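In the two complexes that follow, chain A is the common piece, with chain B as its partner first and chain C second.
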Partner chain A sequence: MLSILQAEWYKLRKSKILFIIFVGPLIGLFLGLTSNLSIDVAINEWYLSLFSMNLTYALLFLPLITGILASIICRYEHQAGGWKQLLALPVTRGKVFIAKYVILMLIVLAIQLLYLGAVYVVGMIKGITDPFPLEIVWKSIFGGWVATFPLVALQLWMSILFKSFAAPFTVNVIFTLPSILAVNSERFGPYYPWAQPFSMMYIGGNTDDIFFVPWDQLLTVVGGSFVLFFLGGYLYFQRKSV
Partner chain B sequence: MEYVVKTKGLTKNFGKEKPVTGLDMKIPKGEVYGFLGPNGAGKTTTIRMLLGLMKPTTGTIHIFQKDLRKERVNILKRVGSLVENPSYYPHLTAYENLEALRKILGVPKKKIYEVLEIVRLSDVANKKVKGFSLGMKQRLGIAASLLNNPELLILDEPTNGLDPSGIIEIRQLIKRLPAEYGMTILISSHLLSEIDQMATTVGIVTNGKMIFQDSIEVMRMLSQQKISLKVNNSEQAWRSLLAKGIKADYKDDTVLLSEHSNKKIAEAVRTLVQDGFSIYRVEEEKRSLEDIFLQMTRGGKEG
Partner chain C sequence: MIKKLLSSDFLKIKRKGFWFLTFLGPFGVVALQMVNYGVRKDYLLQQSDNDWDYYLLNVSTFTPLALVLGIVILTSFMASLENETNAWKQLISLPVSKMSVYLSKFTVLAFLLLISSFILMLFTLAYGVFLDLGEEISYFELFKFSFYPYFAGLPILALQLWIATVSQNQGIPITIGILGVIFTYSAFILPDWMIWKWPSLINEWNEPIINVLLGIGVGCLLYIVGMFDFTRRDVK
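Moving on to the complex of A and B:
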């Protein structure tokens, strides 16, 4: 398993992945520096900054980037018979699928951590003097990561299924855009998987739980859609003829 | 006999299309098995199934006497393969392509240089494969198939896209491998002349069915037809041979001998000379392997 992970990372690292990893945090940086959200309530200024950055980042960028990453990790397998060469090696398809998934999740985690760095840099530049709310920022960063589990699983499935770059991307956009509406809806918001990164990263949720989202919502919506999408992709890949 | 590859009733259906039907393939150890058939005969489909890239509709596959369904990974550790068009990662160099495979195969790094040298790609090892010619990609594919010192090498049309000197190099390589490393090789082609120069065993497939499977010698025997004798009085000569118990035919003013061992021919000639016939010509009417191949694939019956 370790050798498959190493091989996957080796192939991915030689594509333009590094550039993409830095796009997210840079967008965050840009959003943070250009926003001038101010309210007259005594609130930790870090929250304010995070709030303005999170909106675009968690609502649009994070879900969309999962799709792009998944496409890249499958693209070179589709291009020139990569699948048939890879799967004729002594590997099981299950392990290949898991390896690709694990690599994707680690990259999303790296992006989240860089985003955390961007939040900090914005604060420094703006000269925020309030204490850095470490716990809550972690909740938001780590929670946002957990919320991408099902999204990455679905996008990996779609990227294995479709040879083209555009098809899985379209699927992703179609599901991601409605989350702008969903987060404003009390009724649908909590149940829409693509809205979860935003909900999980949204400061001001219930801070007594581990994350900003109640446990039962996390388990049913994020956990449930993860199981569905992961198994769907896993089983599809087992049967795929190459 | 110990078979490295043995399939029983191997069948693949794609809806109505049946590219492989009831294929029984037997490859003895240490042989170069030429898998021959016209375009669309089902060679690549069979090879895909042998590698577990595609599941058979029905039938069984045993490689190294192990069931492919149960021990796929253990089997593939000992197999090297090249399927159809060369597979590669365009964004990587030749070296990096092999390194990505090597990490999974777990062989030492020096093996990469070794196989690059074998296929003469050492000079372009650090160039992106994207810019390679078809022949160079094909060589890279062959290098990849050799990376894990396989006991069974499966090559689907390996000389596709190679120039004449490349074809000769690969041919010599393929002939060398069984002797030097005890490898068994399955090589597919739609060109009989190519198989004829490398293979020791031949399997001919057409419309998904195996119509001939035996050693190349047996195949060559089929290509020897009859010995024809041109004699001053053919009909009488023929009768005279029959009277002495030598099998012969008479057609178009020539005598045709059915037996073609040297001894029998010498005996027939001696008999005729002793009986006072003048022998003008002794000829072997040879059908080329190509003719036999065409005849077999057209007829589609057991050769």
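Moving on to the complex of A and C:
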């Protein structure tokens, strides 16, 4: 298993992945430095900064970038019979699928951590003197990460299914755009998997639980869609003809 | 020559989902308003005196996003048609100039997007009539919100087509496309010179036609730059 992970990482390293990983924090910097949200109520200034940065980042960027990452991790295999070569090795399809998924989740985690760095840099540049709300920020960063679990699973499935980059990206866009409306709705927002990165990074949520959304919502919506998409992709890959 | 290239390009995009996407974009934009108005029609109708203008404004909040995403998807799709089967080599070895190959790709995409804008106008009108928003339909506003973003978005089309055709790894153009989408989404804070702001028709003079003219001018410029870069590169 470890060697499959190594092989996947090695293939990725040669795929301009670093450029794509660093787009995340760059977006964060852009969003943070251009926002000029201000209210009269005295609250921790980090909250204001986080509030405006998380909105676009979690609503559009995070769901969309997972699709690109998933397509890139399948890129070598789609070129010139790569699936045949990979699966002719003494590996099982299940392990290949899991290895690709694990690598993807680690990269998303890296993007989240770099985004955390961007949040901090924005605060430094703006000269925020309030104490850094470490607990809130961790919740937001990890919550966003957990919320991408089902999205990455679906995108990996779609990327194995389609040869071109554009097709899985289209699927991603079709599901991501409506979340702009969904997050405004009390009724549909909590049940829409693509709106979850936003809900789980939204710092105004309930702070009693470990994450910003209640456990039952996390387990049913994020957990449920994760099981559905992961199993779908896993089973499809088992039966895919290469 | 260009006529034959065009017909071959239209043949290539057959049954690949291009036409479906052309239809899906405008449909999606109006469908989001169907949901919006379906859920809270009474509230939305109270928001302004002129229901038609308010409705058009609602539709037009998603048009730039859908347009930019559509451009990213279509350009990358167009490039992968040739990339996937290493067909650039075969295409270029035909007795055609590289410039006309590029021109033909651009024309096909520009045509598809124009059709999209037209469909958007039809859908917007149809759903507006269905909602029964009053007798006075502002046809000029309808035209403006349907076609102006298209012309203002031409520089993005030229830029994305350029990046997509010269990239081996389609992850690059799509990632840059996502950056563009984020810029488009935050259009109201961008400075006026950024091309991603233009499809939203906002500028400091409050004259959408400026964005259209800028779009056509800079679009031509970026197209020419992209075309010359494409002709200079080796075909792999």
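In the analysis below, the second predicted complex is superposed on the first by the 242 of 242 C-alpha atoms of A that agree within 3 Å, B and C clash if a C-alpha of one lies under 4 Å from a C-alpha of the other, contacts with A are read in each partner's own complex, and residues count from 1 in each chain.
Criterion: contacts are C-beta pairs under 8 Å (C-beta built on N, C-alpha and C of every residue); 3 or more make two chains touch, one makes a residue touch a chain.
Just so you know, these numbers come straight off a predicted model, no measurement behind them.
J.: Between chain B (first) and chain C (second), which, if any, makes contact with A:174: first, second, both or neither?
T.: second
J.: Quick one: is A:7 in contact with chain B, with chain C, with both, or with neither? Answer first, second, both or neither.
T.: first
J.: Please work out whether A:129 is in contact with chain B alone, chain C alone, both, or neither, and reply first, second, both or neither.
T.: neither
J.: Mind working out whether A:15 is in touch with chain B, chain C, both or neither, as first, second, both or neither?
T.: Once the two structures are laid over each other on A, A:15 reaches both partners.
J.: Chain B or chain C: which reaches more residues on chain A?
T.: C
J.: Would you tell me the residues on chain A in contact with chain B in one complex that are also in contact with chain C in the other?
T.: Common interface on chain A, chain B vs chain C: 15.
J.: Which part of chain A faces chain C closely enough to touch in the complex?
T.: Of all residues in chain A, those touching chain C are 15-16, 19-20, 23, 26-27, 30-31, 34-36, 56, 60-61, 64-65, 68, 71-72, 75, 78, 163-167, 169-170, 173-174, 177-178, 180-181, 185.
J.: Mind pulling up the chain B residues that touch chain A in the complex?
T.: 48, 51-55, 72-74, 76-77, 79, 81, 83-92, 96, 99-101, 103-106, 144
J.: Inside the complex, what are the residues of chain A that reach chain B?
T.: Against chain B, chain A makes touches at 3-4, 6-7, 10-11, 14-15, 76, 79-82, 84-85, 87-92, 239, 241-242.
J.: In the complex of these two chains, what residues of chain C are touching chain A?
T.: Within the complex, chain C touches chain A at residues 17, 21, 24, 28, 32, 35-36, 39, 62, 65-66, 69, 72-74, 76-77, 80, 84, 169-172, 174-175, 178-179, 181-182, 185-186, 189-190.
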